[in-house]
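Below, subunit A partners subunit B and then partners subunit C, in two separate complexes.
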Partner chain A sequence: MSAENREAPLLEVSDLKVHFGEASAPVKAVDGVSFSIGRGETLGLVGESGCGKTTTGMAIVNLVKSTGGSILFEGREITSIDHLSRAEQLQLRSQIQIVFQDPFSSLNPRMSLFQTLDQPLKIHGMAPQDRRERIDMLLDRVGLNPAHASRYAHEFSGGQRQRIGIARALALNPKLIICDEAVSALDVSIQAQIINLLIDLQEEFGLSYLFISHDLAVVEHLADRVAVMYLGKIIEAARYDEVFSAPKHPYTRALLSSIPVPDPKGRGEERQTIKGEMPSPFAPPSGCHFHPRCPVVMAKCKVERPSLEFVDEEHQVSCHLSTKQADTSLGTPKKGELA
Partner chain B sequence: MMKSNIPNSTDLTCAIKVVDLHVDFATAGGVLPAVRGVSFELEQGETLAIVGESGSGKSVTALSIMQLIAKRTGRISSGEIVFDGQDLLQLDEHKLREMRGNAISMIFQEPMSSLNPLMKVGHQVGEVFRRHLKVDRAEAKRLSIEMLRKVGLSAPERRYNEFPHQISGGMRQRVMIAIALACRPQLLIADEPTTALDVTIQGQILDLIQDLKSENEMSVIIITHDLGVVAEIVDYVVVMYAGQVVETGYAREIFEQPRHPYTKALINAVPKLGLRTRTKQRTRLEEIVGTVPNLLALPAGCAFCERCDYAQEICSTSAPSMEVVGARRSVRCHFDLTKKDRHHER
Partner chain C sequence: MMLKSIFAHKNLMFGGTIVVLVVLMAIAAPLLAPFDPVFDADLMNSEMPPGGEFLFGTDTNGRDVLSRVIHGARISLSVGLVTQILNTIIGVSLGLVAGYMGRFWDDLIMGLTNIMLSIPVIVFALAIMAALGPGLINLFIALGLTNWAYTCRITRAQVLSDKKKDYVKAAKSLGYSRASIMFTQIMPNILGPVLVIATLGSAEAILLEAALSFLGLGAQPPTPSWGGMLSSARDLLFVAPWLSIFPGIAIFVTVLGFNMLGDGLRDLLDPKSVGATKLGGVR
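Right, the complex of A and B next:
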């Protein structure tokens, strides 16, 4: 799905920066992130808490202001939307929607299901009769009972609320939906329902997803390409199968190897846990940000920051080892039968 | 029915035994039976997992062992919890306090809300030593720093004087573990101990619990919904659904040959790491249709009936009872999946 769409990406993010605080000593939440998403494509954005994945998503929908770089949507500059007219802003917002992690805090408790879905349609000037039809269609499509349209958020379960969040995102026929940990708060049985729903909707409406998650098994299941973030930067990006079968960055390897695999047969094998925690963005380490935790750190890594380089046609890595050798001499992770 | 599965309480290998536990909560909608006759036993030195979705009663079961059910709304209406030869449900509050944090301790999912934000972390560890070992301030401090070092905190002397908001989530969970293990409990109850943590930190915490467990000859009950965690560190599994145990067995048996349709569905609903990369297919996951039943209006038959792929007529009218099907292996289903004469899938 990814290759043929590469020429005309739906979304193109280049050198995106979101720095907070004083300009003299900024906290670099997102620090030079670049990626693109094609039509109908899913990009998985993964990393631990604090790596900047959510801030990246927020910057794309302009819920936080970026401080550098550019975001192009269908070739149009949307890094800042201040220069756009209100009509243009509205039009843009209808094209890019977001589904949040917590279906409890992202729905207005004082609005019924009908009102929640009616509001965006009304703002975008749809006639009442059409709105009613559209809402019925949306509810049916996400698997909610239209007879429940007058109920309020608290009357629904977590899974149902996430369906409401998805229906709301779909209401205006968007091209891109940013799913920020959209299935993380759900029980596994409900999580499977929502993942299936996202797959079905993508096929039906040709949607593109930016799928932000810390759950690598879910990302592998959904994404066409995967970008791994660490402390504000992308450290590896490739097709999903490359990332999961031949990860090149030591951090990606460590992440994959620390996932507990739901099969007790693999238990004898040692889990490769990495030491320490992600450093504070207030005081990032010198050189490569990952070097204090890296099992294969070299002297060079402590002083010189590697840049994100192509090691083959579709695989980017930011590591001194990979760019030098461009092979997998480090050995593959032991857990998870990734090969 | 379960009685035959339970050895008598003089059995020295038994760490804790829960017998026919019932817990009810008073709600606006009526009496909610959160735990409906739960029985299981844990052997010395074993790690047992209680697995289930939100609302299955797994956390309430754990809280009942500690007797931390809010008295205003909740009530342990019947059952026995046998620990160290005595029924914990018969103990008075004074005896319970002696036991909590001493012989049995507990760690919770959210370390931020379980630690006192106004108290230095060192003092929160020291409190346990002062309360249970009756040591003086200086000794408590020495022991606390020792304990913080043991759970892997760097610079424990400095951490001792820090407040919970000054340390990361992973470190807070380490502090919780230090508090829980301070008095070398015989039994540790961990309620979703790694759910709020990043995967690299989760690995570290699981390793830590494993290490301290073997060091202290402790038994562990871990409450989780993460089957990966279960496969990684658990010996024996209790699967709960709608307030009841629906299947028990050793972890390997549960994964290799689940007998209850719910257990099977739960295992299949999780995306398998590496699968799509191998097959190059983005398939739909096997979902469990519908949601858990309302405990205030439980169906007459099997609680899982509505969502079950294998349900037959009898399932909607008659609630299955727990059948012992092997050594420490039991299942609550009219149509045990391993039985050959099982009816065809719906």
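Right, the complex of A and C next:
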């Protein structure tokens, strides 16, 4: 658990597992993921498609059932909400919201903007007059014209639709918003607008974000901390500046070097790319899951799976290379939690 | 733009025109019909051939066939409408539950649907009519309860594809109840194909009504029903062919109209079909 001087985190995920399919041969979409998010903090969760980052987010909002581990929200167990009463479920639902990747399928084409925002408030028992005021406030905050409230989703552009999605997520006054590739489907210029909007809203409402993305450049703008996932596991987690300036895991380094550099003179010689595709989660490789693609693979990696260890105060890595150094230089890590 | 694309569909235009005309005919039947279809019976004018005062001739009881055909539209259309409303309510509700809830409910409802599909509708309807007795209300019940299987299947298939969309996930995470996700979120998005099935089903129901009335199980004499008129005319096919021809044409044209309207609607609502316009995006 956290040190005494630190406030309890808003969200604490420990050893979360989401396995699909038969129990005898499960697909381990998420396999023992642990992290925490503090109040007002943004955790960037990055990785290639298929690494389980979206499934992790879905499990937190209970859209996917987790098969193991625990999710604590404000110290409360929310791994399964089936046993909660309807009122408790509604209360919990209002605290954690989600913004989706595809601004087209995430809005109901048969509902006007007003209905999209009004119905959730109605379900949560707000009076009609208050609802109207809140909708006007929300539209104003996300930069939409309240006069357009009677329009339908197809009458808006992609960026506007994403603003609607954000307004909808904000409607119930949540504490945590899960942004599942929330800007990936947008043009770069619109991406920047939406990212700035998310940052402004975070300051205004004291929100925490779990920002799921495959795009490290986007995460760099937003995240306080970054966790890198590979094949259902977190392989590196640290403060964002550490991840970007001193990545430890070979996979993270490869991801970083894959960010395009706009200045031709700034392009170094050694762009390090990873070969091959992510292995199938049906039949993950032995030992370290990354070893078939790792440029610095050792004999040990093929046999023994490295665990996620602290190599530094706030830096966790799951790699035999780093832990070997850590053993000699820093000694055994003291904390059992991702800082 | 929408109006333009409607005019571009010949099936839709033609079928729609026929259906509108038949509906107008049914509504204005007392005004259009030169005689009362039941009470203006004059045995002196029995089995008069078409022409003169009686444009479509007269039947055995001396009633004007034109007036009876015009009034018969009311029976046929009400059968089409009422049975399709019943079928659609049953089919959509069951399809939504099967598709959205899945597992046990899906197996149960799809099992039931397959049983319904394996029995010819006319046989099923006949069995119900035999149990309930002849009559128009019983006909509504028999046809309204037996022909929902296609609607159910189409609805389920649509639900299966729509329930994976993010707007449904969003609704779940916002705390919508299962019932409101099914009926307020998903249902409005799947009604396009259901409308097509209902239109085509109306044509089928009108034919089934004619068949059941022909067998003496539908609307009872002296109510003017196209199927019933055919039934009573079958012995006189060579003596007074106009008694069969005119109700037959009425059934043919009406069913054709509904079928073309249904096909046209399908073309209009399905963005993948040939000549479709961007209207699919609105759906």
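Just so it is clear, the second predicted complex is superposed on the first by the 315 of 339 C-alpha atoms of A that agree within 3 Å, B and C clash if a C-alpha of one lies under 4 Å from a C-alpha of the other, contacts with A are read in each partner's own complex, and residues count from 1 in each chain.
Note that contacts are C-beta pairs under 8 Å (C-beta built on N, C-alpha and C of every residue); 3 or more make two chains touch, one makes a residue touch a chain.
None of the values given here were measured: they were computed from a predicted structure.
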Taking subunit A as the common reference for superposition, should the pair subunit B and subunit C be classed as clashing or as fitting? fit
Would you sort A:Q193 into first (subunit B), second (subunit C), both or neither based on which partner it touches? first
Return first, second, both or neither, reflecting whether A:V261 touches subunit B, subunit C, both chains, or no partner chain. first
Please work out whether A:L84 is in contact with subunit B alone, subunit C alone, both, or neither, and reply first, second, both or neither. neither
With the two complexes superposed on chain A, say which partner A:H154 touches: subunit B (first), subunit C (second), both, or neither. second
Is it subunit B or subunit C that touches the larger share of residues in subunit A? B
Which partner does A:M298 contact after superposing on A: first (subunit B), second (subunit C), both, neither? neither
First (subunit B), second (subunit C), both or neither: which does A:S94 touch? second
Go through the superposed model and pick first if A:V61 touches only subunit B, second if only subunit C, both, or neither. second
Pick one for A:H124: touches subunit B only (first), subunit C only (second), both, or neither. second
Gap in Å between nearest CA atoms once subunit C and subunit B share a frame through chain A: 5
Could you please specify the touching residues of subunit A with respect to subunit C in the complex? 58, 61-63, 86, 89-90, 93-94, 96-98, 100-102, 105-110, 119-120, 123-124, 154, 165, 168, 171-172
Within the complex, subunit B is touched by subunit A residues 48-49, 157-160, 187-193, 195-196, 199-200, 214, 216-218, 220-222, 240-241, 244-245, 254-256, 258-267, 271, 273-275, 277-278, 336-338
Going by the contact rule set out above, which residues of subunit C touch subunit A in the complex? 165-167, 169-177, 180, 184-185, 188-189, 281-283
State the interface residues of subunit B toward subunit A in the complex, per the touch definition above. 53-54, 168-171, 198-204, 206-207, 225-232, 251-252, 255, 265-267, 269-278, 280, 282, 284-289, 291
